[in-house]
């Protein structure tokens, strides 16, 4: 069964807070990426294989912030594959604390083949296509929008 | 004269790179914020006054990534005030290296009054309205879109 | 029973790696601090209480690095209270992977009373003295060194 | 003339502060490393050449913290080569603000040859020995200690 989503729990670390007493907004992009990599591990994949010439740079990432997180808060990260082509994956992500929305984000990544410092867009290795898939909710949304 | 934009130069630090050999995408949000704070300083303002009950949390932030940055690369950050209400500011940001586009972002911040852990949306202090203003290009765009 | 040590497991996140393909050394100080805060939580304490005027700045911190950590490595962090006065705590920390030493560190923190931006050395609140204590191994070492 | 030291100015960025309102201690190690890399650039060197099999992992790093830094503080970083062997460099570092000591640190790095994930201690490339040298003050200290 391909994997489509991942839910994880996380606690705010002190070095993630700033002088306003809340988590610095740059950390939410890292929380989203942590959950993405955990999703890949659940699918038996690593997004960064040692020695591989395949890479997955981020093409776009965004967040809307609703409520702050503070030191030692426990929160839930939920990341879903919203769409896939043969070369890109788009995720959506929600961050909640005690059931209340903290932030909502999305991120698009692309497959590249690296040769030294050169990167060229590439089709996914076949294995990826068999192990990752958009959530069915996402597929229904695509159809109803069509 | 109110300040509307800021251009700065920056060099990639080693701790900003990741195992893919490029700047980790979470750093671009920090580059954008650094330039925002420098814009405020040029306007004679600090975005975080010691002891102040006014704060400026981020409401949304996004980036599109076109090309990677690497260790020791020098790059240009250009941040502009694209729009202002009496409670929010929207910035746009471009990051370039040797004239080539690296990334484009935007960020919206909101003014809040803090009371302990409570934050409430607030109107800007008057001083802000006299010292910051959208770029004229942004104002023309707003008119032509109206 | 006062708490003297804490053992935790942790996985290397991608944003913790650098262009040399290994965890950037600055992260080890954060791993040590994460474990310190978990030790305090086990003792029913928080090192940063909202609204408190007591703080715990770091006075010194050091690490020796033996082997690198890489993306997705799982490792063990073990932090111990090596010594306590009425105003300072000294921790020692070892980081291991599969039983092999990765790094060894130590950190000394001090209790301060804050008044605005002023910080003054202060004696520990009584509660701290009842909930934290040096490891017995540490006490024996102190005696044999005396 | 080989290079022995580097002095730079730096301003505290917002994301470097924590909920205690001061720079998180983990940043000082990054400030020290930033100055080290600037020292190497002054000597016409890069500590991380693209495609090179030579690397410079940190063997040890420590800091003593005397006074805090806060958002937008400007400070001075001074890094010196205190000692060199044919395989290691030891730096000392002082961080000051308005002439007052903020922190003092030291860091030892080692030269390695990398082969995939393997790292082996190596002698410095000859170029390094001609471009970097301990400060004369450091050499005098070594002699007087001998």
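Per-chain residue numbering starts at 1, and chain names A, B, C and D are given in the order in which the chains are listed.
Note that contacts are C-beta pairs under 8 Å (C-beta built on N, C-alpha and C of every residue); 3 or more make two chains touch, one makes a residue touch a chain.
Keep in mind that this is a model prediction, so the values were computed, not measured.
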If a chain touches chain B and chain D alike, it appears here: A, C
Centroid comparison with chain C (C-alpha atoms), farthest chain: B
Centroid spacing, where centroids are CA-atom means, of chain A and chain B in whole angstrom: 24
Intercentroid distance (Cα basis), chain D paired with chain A, Å: 35
Two or more partner chains touched - positions in chain C: 14-15, 19, 21-22, 26, 30, 33, 48, 50, 70-71, 117
Pairwise touch network: line, ring, star, complete, or other: complete
Residues of chain B touching chain C in the complex: 14-15, 17-19, 21-22, 24, 26, 50-51, 70-71, 116-117
Residues of chain C touching chain A in the complex: 13-15, 21, 30, 33-34, 37, 41, 46-48, 50, 70-72
Residue numbers on chain C that touch chain D, as the complex places them: 19-22, 25-27, 29-30, 33, 48, 55, 57-65, 68, 70, 117, 119
